[in-house]
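Following this line, the structures themselves.
The following pair of complexes shares a single chain, chain A, combined with chain B in the former and chain C in the latter.
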Partner chain A sequence: MARSSQRKWVTGYLIAVAAIFIIYQFLFPWEGLPIGIYDFLQLWLPPTAVNESLVYVICALGLNIVVGYAGLLDLGYVAFWAIGGYCAGWFMSEFFYQINLHFFGSVARTAPGIHVNFWGVLLIGGLVCAFFGILIGGPTLRLKSDYLAIVTLGFGEIIPQVFFNGDDIAGFNLSNGTKGITILDPIPVGAKNIGPFDFGYKFIIFVLLAALMVFISLRLRKGKLGRAWLAIREDELAASMMGVPLMQTKLSAYAVGAFAGGLGGVAFATHVDGVYAERFNFSISIFLLAMVVLGGMGNVWGVIIGALLLSWINSTGLPAFGTTFNDKFGTSINFPSFTFLLFGLVLILMMLYKREGLIPESRLRLILHEGDAEEDLTSKESK
Partner chain B sequence: MALSTNNVLLASNISVQFGGLLAVNDVTFGIPEKSVVSLIGPNGAGKTTFFNVITGLYKPSSGTVNYDGTDTTDLPPHKIAALGMARTFQNIRLFGLMTAEENLLVAMHSHLKSGILATIVGTPSQRKEEKESLDRAREILDFVGIGKWAGEYARNLSYGDQRRLEVARALALNPKVLLLDEPTAGMNPQESQVFIDFVYKVRAERDVAILLIEHDMKVVMSVSERVTVLDQGEKIAEGTPDEIRSNQRVIEAYLGKAKGGK
Partner chain C sequence: MEVSGASLVGLLLIIWLGVNLIKAPTQFAQVSVLGLRNGLLYALIALGYTLVYGIIELINFAHGDLFMLGALFSSYFITIWFHQKESNLAGWITFGFALIGSMLFCGTINVLIERFAYRRLRRAPKLAPLITAVGMSFLLQFIGIKWNGSTPRQWPTVIPHGDFVVAGVIISQVTLILILVAAPLLSVLTYVVNKTKRGKAMRATAQDQDAARLMGINVNKTISFTFAIGGALAGAAGLLYQQSVGTTNYNLGFQLGLIAFTSAVLGGIGNLNGAVLGALLIGVVQGLNDGLPIALGQRWSQTVVFTILILILVIKPAGLLGKVTTEKV
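Moving on to the complex of A and B:
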């Protein structure tokens, strides 16, 4: 039952990945591609948008562990994204030119700065974020849900501000302030270096990272920790009375979620080939939360759909629709400026009519549709 | 049957004060090994408060709780539970959207050793541990008679089966003491009788002492080896069911004092 539907999801995603890779890697550079098709793809499915949406997938999967599995509302997830991004900025560029440190880096050994291998930076970014997750979670996770949400909100505001103003911390330049840190080292894969414009290969790398998060989510969900997270979401008091240590379990959810944020941050930095403080704003936290809610809290496959869909609408769908619409009817409506109106509307409608998300975890559907629960369950199980 | 003189749990001189209200006043209460003892009293007598002190949910204003040689007075609930003190709840508190067997696996949390990385990688020892705990969960579910519902969401079980599942979940902690908070609340006489037999079965086949908080006197008097009566936070009587039945203070606590004269 559950396993076969899982296999369907995996197969579906693999086909999509293969199709997109072929389009980027072979169809796009092909001279014989009719210009109409090229323009169409460039308008509706540009490579940058696809790669960016995968960064959102990675982060949304992390947030899903915190919000979907453990039931802790986190409104400041962008902080982890930012910390991960700056880890990439610090450890794979010439930013700290005073130091000359190379660790399997992808640039010449004479280059100044810290140059750690991309895969090493991923690990560093993830672990630093997990550390900050525990640091911020320690004092705040004792709070009840609403208060926790407010504190995380503050955390999500503070961290980007620190980076924004971090070009002169007692004379030390931590983040290069508004100018940001740019030109990152290419990603070494075997003997090849993948630069900022190798969309196809970067696409595969991001897919692998997302797949890693899916794997981690599913494995943890099935194990001891995942059960404890769900138990806490269901009934905190009963869980503690059954020997589940609340703080430790919530902290681990926070740490794993933050780890994913770190991966996403590093990936995003390589995607835009730089780190800019003004890009880490509050709306990203809300955006990610909307992806988790829209897709279906607690269901990784749904969350992926939610992340891809919202990210695509935001970066491509709405502007492309606007351009087409304006061309056709000779209007000059600024469609992208309605993004948040649209998302707000979608979320309100979702909460009114489909609170469990597009592809819900079967358990959650039961809570939200008390009345028709029985019928729902039997139809689900018999599939 | 004579009660063992070894107390597996001993709460000494427990007092609990909520602001100006003295909810429990200097109560000493022991649970002998492998016994079935009951705690009764009118509403508001402090039974549940006392229960919550034993399980670590409340800290007593004074007094100590000693469980199996460990002073548990200041331990958090999950540590006390991990030591082997298990409880059920007056109003059922299962993990409704987890399956019956998952409910039991949650209770085994403190016994499982695999860490995060071992779980992600799926090391052989982690797999073995998961399989063993799943087997044990199924065995306990069979023992309480709801083995066929192992894969069903807890909330979909019938009321009686949910009560059984709560006991099963408590047993999954491998407890030395099982605390049942009004287990027959909401049951009709037949169901209560089935439950009494079930308590006997648990006591006979698992090495566990049972403390019962109960309103149903038929249940209390038929299963208990010793009954303790609380009234307004104080222990007013303790003895065998027969002694309690004829105890003047107990009758007064439940029915009120006869006004002097007639």
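Moving on to the complex of A and C:
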């Protein structure tokens, strides 16, 4: 992508970030704010929804590396989210009360449990996920692409189930089962501790994480590895003939994608101040896929837009619209239940009519419409 | 190395089965029978996956949800539209019509899905139809939520729920009815695919679409026909499930669909006999795991099935009866 357009995207996002931070950090708690505006913001753009959408952005950027760059379909991305979340649960709370281990933690030294610094946990979460990514990818990446989708799907089902049933694994409490792990340590930034309700500062932290993922995505894409991923996505056979090591390249896409999932998992855990096994379900994997597909597979800026948009619609837009609509017309339509319809339609319609996404990557558009000329032949036959 | 991995898994399996068989023989037989009964249902669904995969190499993620819609259709047909709540002659007649209705209903939906979504993507890169199928699955689940409600729903059933006891093993009448319905369906399917002209066209299309077209086979019609058969089997499975279990839920299709898909892969995807064999095996393994004294128990049931799936794909991707295929260039 041209340098100037890239600069435009970055400037745009920076302005949006600054505006949102000012609104929530200074305007929102201000007593002089008219109650109408306050209610409007609380209904249509509550701070929790903004922060949650950023978690989706982090994960969608990770999935974009796997699906958009390397062209491997991963339907079990939620597994990495869960593993990252439980890393936060294990290393940032009093859950393992038998042990007393502190590593630059943000709580008093006398507190039981493992208390590792938030930034350390981010790294741990990311690396553990990357390890699992390689573990699951290693034996399965040799398979045909559609089998891979199924294996990842199975993996995405197994991992949350292990956590769900994990309160008694041969007598050992790994995950506290359905009760989940709650009350995580605050995030230390210098001398300040950022608790679960410090939305403004947490927003900045999540923005930084998302920016890190953007940076990683853009840098990798330009480099040798990124070009190898694109080559594999476009034609695996040709790429291997040109000397691209298939397994190694695919595995690294998997590992980087999983790393982002770990970051997202840790971020999400601090966002909701806990980890709950039943939150990690198949729909999340599909939501993330829809975000990548809607925004434009392979295009970082598009994926961010897709993630923000769909996450907002899912968490705030639909319920808020439903409340307003039902109040106005005296109906009682359950709008949040329309998420299934929405996400299903996004996937189907995008694939049928605009496979390259809303903000397409020019290179991908060419590939995705490769077979279109022949398509006319097939449709004529039926007449 | 790969062979030793497979034999190690096999050995562990045999030890586990052996210990349990010696410890509790009656229970062993009992849970096997239950497992076989579930396996028959899985077989009907698994065939839909295998038929579609065999002909256009697409994992039809929406197939499990089609089964769910079949179950909902049957519930409404029998209980709400025809008010049958007990097992009597009227109930049986409604059951028969519900079977036909559900098969037609699901077959039609499946054909429509293929016509309006998958057909346009036949030449597109593989990622596109796969993602469309996932979207379709969500769409069908949405219909399920609107139709059934978002919580599980209980239904009265019109088939008898009594038991026979054979040598200490309880066999429910439901099992017999399942066999009586499923077995003829499976035989008809085998006959159609192997002995009729349509079946020949299906097999030719599966081998090479372009060559089949050159030989005068109407490829589009053949693929539609395949989707119709697969859908009809899912519809039959929906009715049988709803009548034997008595509850429906909108996300029923997701779990059962995955189990059925695992069965299809275990047997060798694309292979009809393989799908049935795989489904029966998965049913029995699941039954054994849920009911045996030395086993992981019901709460790990899904995990066991998915672990089997991953193990097969890693050790023997072609499945038990499948032929090794290389990627076409």
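Observations, loosely collected:
FYI, the second predicted complex is superposed on the first by the 366 of 383 C-alpha atoms of A that agree within 3 Å, B and C clash if a C-alpha of one lies under 4 Å from a C-alpha of the other, contacts with A are read in each partner's own complex, and residues count from 1 in each chain.
Everything that follows uses one rule, which is that contacts are C-beta pairs under 8 Å (C-beta built on N, C-alpha and C of every residue); 3 or more make two chains touch, one makes a residue touch a chain.
The structure displayed is predicted, hence computed values, not measured ones.
Superimposing the complexes on chain A yields a three-chain arrangement in which chain B and chain C fit side by side. Looking at the shared chain after the overlay, A:L345 reaches chain C, while chain B stays out of its contact range. When the two structures are aligned on the shared chain, A:L358 is found in touch with neither chain B nor chain C. In the superposed model, A:L237 makes contact with both chain B and chain C. Judged by the touch definition given at the top, the superposed model places A:A111 against neither chain B nor chain C. Once the two complexes are laid over each other on the shared chain, residue contacts for A:D146 go to chain C alone; chain B is not touched.
Chain centres taken from Cα atoms put the angle at chain A, between chain B and chain C, at 80 degrees to the nearest 10. Touch criterion met: A:L220 reaches chain B, while chain C stays clear of it.
Touching more residues of chain A than its counterpart among chain B and chain C is C. By the document's definition of touching, of the two partners only chain B reaches A:V256; chain C does not. In the overlay built on the shared chain, the residue A:I134 is in contact with neither chain B nor chain C. Between chain B and chain C in the chain A overlay, the least Cα distance found is 11 Å. In the superposition on chain A, the residues of chain A touched by chain B in one structure and by chain C in the other are 237, 367, 374.
Within the complex formed with chain A, the chain C residues making contact are 57-59, 117, 119-132, 134-142, 145-146, 150, 213, 218-221, 254, 258, 261-262, 265, 299-300, 302-303, 306-307, 309-310, 313-314, 317, 327, 329. Within the complex formed with chain A, the chain B residues making contact are 55, 57, 76-79, 81-82, 86-87, 89, 93-98, 102, 105-107, 109-110, 112, 114, 116, 119-120, 122, 126, 130, 153, 155-156, 169, 173.
Chain A contributes residues 215-216, 219-220, 223-225, 227-228, 230-231, 234-235, 237-246, 252, 256, 363-364, 366-367, 373-374, 377 to its touches with chain B in the complex. Every residue of chain A that touches chain C in the complex is listed here, in rising order: 67, 71, 73, 75, 139-140, 143-147, 149-151, 153-155, 157-158, 161-162, 165, 237, 282, 286, 289-290, 293, 337-338, 340-341, 343-348, 351-352, 355, 367-368, 370-372, 374-375, 378-379, 381-382.
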